[in-house]
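Paired with subunit B in one complex and with subunit C in the other, subunit A is shared by the two complexes that follow.
Up next is the complex of A and B:
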């Protein structure tokens, strides 16, 4: 096993620059998830680590060894693709053994490696079947098995759960976490699904437009997003954001004149400073305190245990989303009062960058 | 609905009958006594079936030799065509190299030029190379057919890049990827292409006639045409010759038709 460093990676396709200087350090044994919207360059970055794309500039270092100019097979990596990429004419056993056979490994050693991987993934009974006779989940396991057999230093996963249905995705997510615990191999995992990122990662790298927006643990990114993009990208429903102006006295004035108490900041805001206020839907409390703001429930999404309320402030602004336990006491059209606890607010400057909150 | 279905079946059967009738009559005449088919109206079946025509064909006319020549030329043509066409089609579909698309467009454009137009320049070229009146000369046009390259390329396009990349990560060289991954997947199209080249070279009359001067080198169609000039009245022998020419490829086609249909449908079904 080994750590992985990507140093100032740049990649252009013609005139389009897809990676604009990405640097990431992944510790030995760490599970890192790269997440971002379509076209942000996350798959290109993964393919560059695998050696399937040549970087325009920058370096890839695995276990202290510069592998930038090495062929994919010489990098000590194994990759699991979104489409599984199994060889359709070979059995599961032959699929898993393919890499070792190419490397002319001893037949007994190949057999042992394949059977051990098959046991780890509980696919011993499938070894004689061809990929066409397997379900989506089984194919995914075989693809992982093929990666394990090679005993790589780094696992690379390119959106491996995207082709599975919702149920199976949840189960495989759990299995990925289990597998990583068992093998402890350094893993770089690419997805556009923030739930996968939040549940699997030791650390998340949020990528947008070829640049890193923020790196941190799932908790850090959720609790202290570095900017509005990260704040809204992680979390479902997404964070509410409203434009406001600081009044210089610890409050923010909303465009309709209502005001909200702000948390203490490391650098106090001067009167008239424009800012954006963010609050997660689950942090909004519905109550009837004197400081609460009045809203009308425009629409309710009932999810069983939870309900998402879409609140209309009556001033033409975007609806505010609020999530809470559904006890059946709310109906569409009801008038409610919502409070925005100061310690749950996220503040962003005019450029969308987070403003530092003073320690409580 | 049922009536409609019956009428479709009837129509299909009728078309099949019209198509196969000449073939059946060809076989039937080949077993007739000499002169029997020349009567009017011509009989449908031999009065007393005989193998005399086949004895004459293989004995006096030595058709066995020409049959061997045809098998040799068609087999070599098929083998060589596959050897060059498959890697070329694969490279045009999956390998990145400078000028790939431009060269391919040029090749496809050349498809519209009828083969006959190239025959004279090709003949002159081969003459300069000293290959006229040899099987090497007869095989040259089959080495890399544009249609074959096009067919293989289109099929290769349906192979996901990720599968080849997985093999690259597994440490396979480009040659190993072609041999171990691509070729097995291409089986239907390889069978289709092999059958196509074999049938075309087997039935080819014009080019062997031009390039092969020595009678001993003649392929079956050329030899039969030459002997028909002497035996123009002998329908029965001619039909026996036609049976000998048609039967091997017909059997080959029937044996491989499952793969052949797979291959032809590949583009539309697999997308």
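Up next is the complex of A and C:
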């Protein structure tokens, strides 16, 4: 096993620069998830690590060895593709043994490696079948099996759960986590699904337009997003953001004249400073009409245990989303009062970058 | 299930009858065309092959006589028939792999991501197929010219003395084959290209990660993935090779020393030069049997190797 370093990776396709200088250090055994909207360059980055895409500039170092100019098979990586990429005319056994056979490994060693991987993934009974006779989940397991057999230093996953239905995705997510615990192999996992990122990752890398927006543990990213993009990308429903102006006395004035008490900042805001205020839907409390801001419930999404309320401030601004336990006491059209606890607010400057909150 | 009410049963029977009728209605135009343009002519030519149908019978059908297997017997005793059969089988045996390989590699070339100006290449490589045979034959006669031809000029760099491509009985068949290959590979290339574009790129990439080199990827990934297309192109090429006529007709007129007489060329001469139409029909029927036999062998081979 080994760590992985990507150093100032740049990649252009013609005039379009897809990766604009990405640097990531991944520790040995770490499970890192690269997440971002489509077209952000995350798959290109993964493919560059695999050696399937040549970097325009920058280096890829695996286990201290510069592999930038090496062929994919010489990098000590194994990759699981979104489409599984199983060889359709070969049986499951042959699929898993393919790499070792090409490397002219001893027949007994190949057999042992394949059977061990099959046992790990509980697919021993499928070894004689062809991929066409397998379900999506089984194919996914075989694809992982093929990767395990190679005993790679790094596992690369390219949106491996995208082709599965919702139930199976949840189950496979759990199995990925289990597998990583069992094998402890350094893993780079690409997805556009923030739930996968939040649940699987030791560390998440948020990518946008070929640049890293933030790197950190799922909790760090959720609690202390570095900018509005990260704040809104992670979390469902996404974070509410409203434009406001600081009054220089610890409060923010909303465009309609209402004000909100701000948390203490490391650098206090001068009067008239434009800023954005963010709050996660679950942090909004519905409470006391005397002190809180008045809203009307425009629309309710009832999810069973939870309800998402879309609140209208009556000022033509975007609706505010609020999530809370659904006790059935709300109805569309009701007037409610919502409070925005200062310690749950996220503040961003005019460029969308997070403002440092003073330690509480 | 047995306890189904009677009405339900009869309703489903009516539905089935309707479906059957609809099926026949929709397939009957195609079936009629096949019957009219394939089955009837085939039966007619089989019937003709048992007659002495010739120019006199054309003038007056009363002159037509049934001769049983005499046409076939005469054919099998005719050395020129065997010469034509040998030439044709040589063309099938060498031409099919040559053309299929050439088309496959051309398709892979124009499908590869690193090739610049791919549309231009595609057009350039497909162009021979749509150009006029006679015009290109004239150009090829120049290319194959003993003294001034490009081919001999190129070979001279390797120390090969000039070859009389179209004038020597040993070189004429390879020369025809070169011309046929150049003329027809573009069509197969397009079929292969369509198939190659359906092979997921990830398969090739997975094999690269597994350490497979180009040849291994071709053998284990690309060829199995395009197996059915490979079979289709092989069958079409075998049929085309068996029916080669125009190229030797315009390039060599079957010569020199009948070294480029193909079965179809022989049939043409029997039927339209000597007006032995009955005998020509017998040749056609034997050719039909040959093509069918080889195609069946190909199908069996393809089934065994898992291509279909």
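Quick note on the criterion: the second predicted complex is superposed on the first by the 359 of 360 C-alpha atoms of A that agree within 3 Å, B and C clash if a C-alpha of one lies under 4 Å from a C-alpha of the other, contacts with A are read in each partner's own complex, and residues count from 1 in each chain.
Everything below uses one rule, namely that a contact is a pair of C-beta atoms (placed from the backbone, for glycine too) under 8 Å apart; a residue touches a chain by one contact, two chains touch by 3 or more.
Not measured: the values here are computed from a predicted model.
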Both complexes share subunit A, so when I overlay them there, do subunit B and subunit C fit or clash? clash
Which superposed partner A:330 touches (first subunit B, second subunit C, both, neither): neither
Looking at A:78 after the superposition, I want to know if it touches subunit B, subunit C, both of them or none. Which is it: first, second, both, neither? both
Which residues of subunit A are in contact with subunit B in one complex and with subunit C in the other? 50-52, 71-73, 77-79, 81-83, 85-89, 98-99, 102-103, 146, 150
Counting only contacts in the complex, subunit A reaches subunit B at residues 50-52, 71-73, 77-79, 81-83, 85-89, 98-99, 102-103, 146, 150
Could you list, by residue number, the parts of subunit A that touch subunit C in their complex? 50-52, 71-73, 77-79, 81-83, 85-90, 98-99, 102-103, 146, 150
Please name which positions on subunit B make contact with subunit A in the complex. 160, 162-163, 165-172, 176, 180-181, 184-185
As the complex stands, subunit C meets subunit A at residues 200, 202-203, 205-212, 216, 220-221, 224-225, 227, 306
